[in-house]
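The following pair of complexes shares a single chain, subunit A, combined with subunit B in the former and subunit C in the latter.
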Partner chain A sequence: MVRNIITVIFCSIGAFWFLLGTTGLLRMPDIFSRLHPSTKCDTLGACSVMVGVAVYSGSLWDILKLILIMCFLLLSSATCGHAIGRSAVRRDIAPWRKSEEEEQ
Partner chain B sequence: MINFLTAIAIVIGLNALICLYRAMVGPTSQDRLLAVNIVGTKTLVMVVLITFVQGENFFLDVALVYALLLFIVTVALSRYLEAEGWEEMRSDG
Partner chain C sequence: MKKIISLLFISALGVLLLFVVASMPRMGDPESPTREHVIPRYLENAEEETNSPNVITGIILNYRGYDTSGEVTVIFCALACVLAILGREKRGRIHSYVDRSPVPASPVVKTMVRFLAPFIILFSVYTILHGEISPGGGFQGGAIVGASIIIFTTIFGLWEASRRIPQKFRVPLEGSAFIIFFIVGILGIVGGGNFLTYAWPNIANNLQPSVVLWLTIIVEIGIGLGGAMVLISILFAMMREEEAIAPTA
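Up next is the complex of A and B:
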């Protein structure tokens, strides 16, 4: 019973962070600012859902595999964010400024 | 409990559908790549949830391989977009 409650709490937190990441991806004005909510959505959302599911499963091999997926996701999400940001910088994509928005 | 996990998977799937909007209208190619990366992460989490809804353990291996493929695809495509084409990428090393 306690395990089910912990699973519900962690999965709800994860779904909430996924929702925040989607909102940020749609609403942010710039590629550089869109990178920020998207990496949050990758790390915090996915990892808290996986922690909740690992508490629910209870079997040792499943927990080990979930921890492996979690560690790899933490590494790869940061690396992907850095690679996308670097490619945007190298291609001279102009950052968003507030003054341009006011002139239009 | 299985109903709750199914509901979480459906919510995450709807989020992934909304993210496809940015993949369609994103002004730059990097926006589209970022949106595809997020959709891939959400699919990964959905596969992990479906593992415990169905009770089949081998879906966890599928999720592990999916995470590896997603990482390789994103890094390779961002290198490709950074170098503006295959020829420049080859000369760049």
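Up next is the complex of A and C:
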């Protein structure tokens, strides 16, 4: 019972972060600020879902596999964010500023 | 006005879809039409008839062997079409096209790809070989190998990638899915059964389970290798075309 409650809490946190990330991806003004919520999805959202699943499963092998998946996810998603951001900077994409929107 | 029309359209579509969902048979309903004819037979007899612990593998490679061999042929035809239109890359010419991207790949990405690529390939080997008893199989594993090589090629360039998987190594393997499928199928005829019966059902009855299992694994490996090589060759042909079009710096 306690385990189920913990699972539900962690999975809800993960789902909440995915919701935030998707909203941010749609609502943020430029590539740099969009990158910020979309990488949060992969790291915090997916990882807390996986923590929830690990608590639910409770078997050692499943937890080890989930930790491995989490490591790969953290590595690849961070690298992906880095690559997108770096390429945007190198291509001289100007960051969004508040004044621009007020002028329009 | 536009907004109202689109809102009306979407809500009408939503109501329609909800009606369809409401009239669908329930999840796990034993009397739904999909469960009444072939599924019970597959579930009851597949394991002893196909000797494959995974029913899906049994269905794909045994009951629907013709279908799968057709799919393999379609993949091979796709490669043949790409090569007929774009032509194969010529290795001597690739050298001058190295890394034309305006943004050179960052060391972080290079290191991570170098670190992760072996794990991806290991996972694909696992997917191919374990397709017998768990979800997975040749097509999926081949696609994962192809994806890992695609990542490698986009980061390190076509020259490095085609040095690791040279053309003379790819060319014979591209047709392997097709060829192995038909060799195994014809072995079934030689053994006195029908095409694709996975060898001699009449001879050597006590040997049969392991023979059938091994033949299935061989077919899986063939599909995996062939699929991966086809994907890689299509990618290389398309990249060479792209790089030839790019303006010379």
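Assume the second predicted complex is superposed on the first by the 104 of 104 C-alpha atoms of A that agree within 3 Å, B and C clash if a C-alpha of one lies under 4 Å from a C-alpha of the other, contacts with A are read in each partner's own complex, and residues count from 1 in each chain.
In this text, a residue touches a chain if its C-beta (ideal position, glycine included) is under 8 Å from a C-beta of that chain, and two chains touch if they have at least 3 such contacts.
Everything numeric in this text was worked out from a predicted model, so none of it was measured.
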item: Which of subunit B and subunit C A:42 touches, first, second, both or neither; value: first
item: Comparing the two partners subunit B and subunit C, which touches a greater set of residues in subunit A; value: B
item: First (subunit B), second (subunit C), both or neither touched by A:79; value: both
item: First (subunit B), second (subunit C), both or neither touched by A:90; value: both
item: Subunit B versus subunit C as contact partner of A:31, first or second or both or neither; value: first
item: Partner chain(s) touched by A:66 [first = subunit B, second = subunit C, both, neither]; value: first
item: Overlap of subunit C and subunit B interfaces on subunit A (superposed complexes); value: 72, 76, 79, 83, 86-87, 90-91
item: Subunit A residues touching subunit C - in the complex, by the definition given at the top; value: 72, 75-76, 79, 82-83, 86-87, 90-91
item: Complex interface listing, subunit B residues touching subunit A; value: 1, 4-5, 8, 11-12, 15, 18-19, 21-22, 28, 30-31, 33-35, 37-38, 41-42, 44-45, 48-49, 51-52, 57, 60-61, 63-64, 67-68, 70-71, 74-75, 78-79, 81-82, 84
item: Residues of subunit A touching subunit B in the complex; value: 4, 7-8, 11-12, 14-15, 18-19, 21-22, 25-26, 31, 34-35, 38, 41-42, 45-46, 49-50, 53, 56-57, 59, 61-62, 65-66, 68-69, 72-73, 76-77, 79-80, 83-84, 86-88, 90-91, 93
item: Interfacial residue positions of subunit C with respect to subunit A in the complex; value: 102-103, 106, 108-109, 112, 115-116, 119
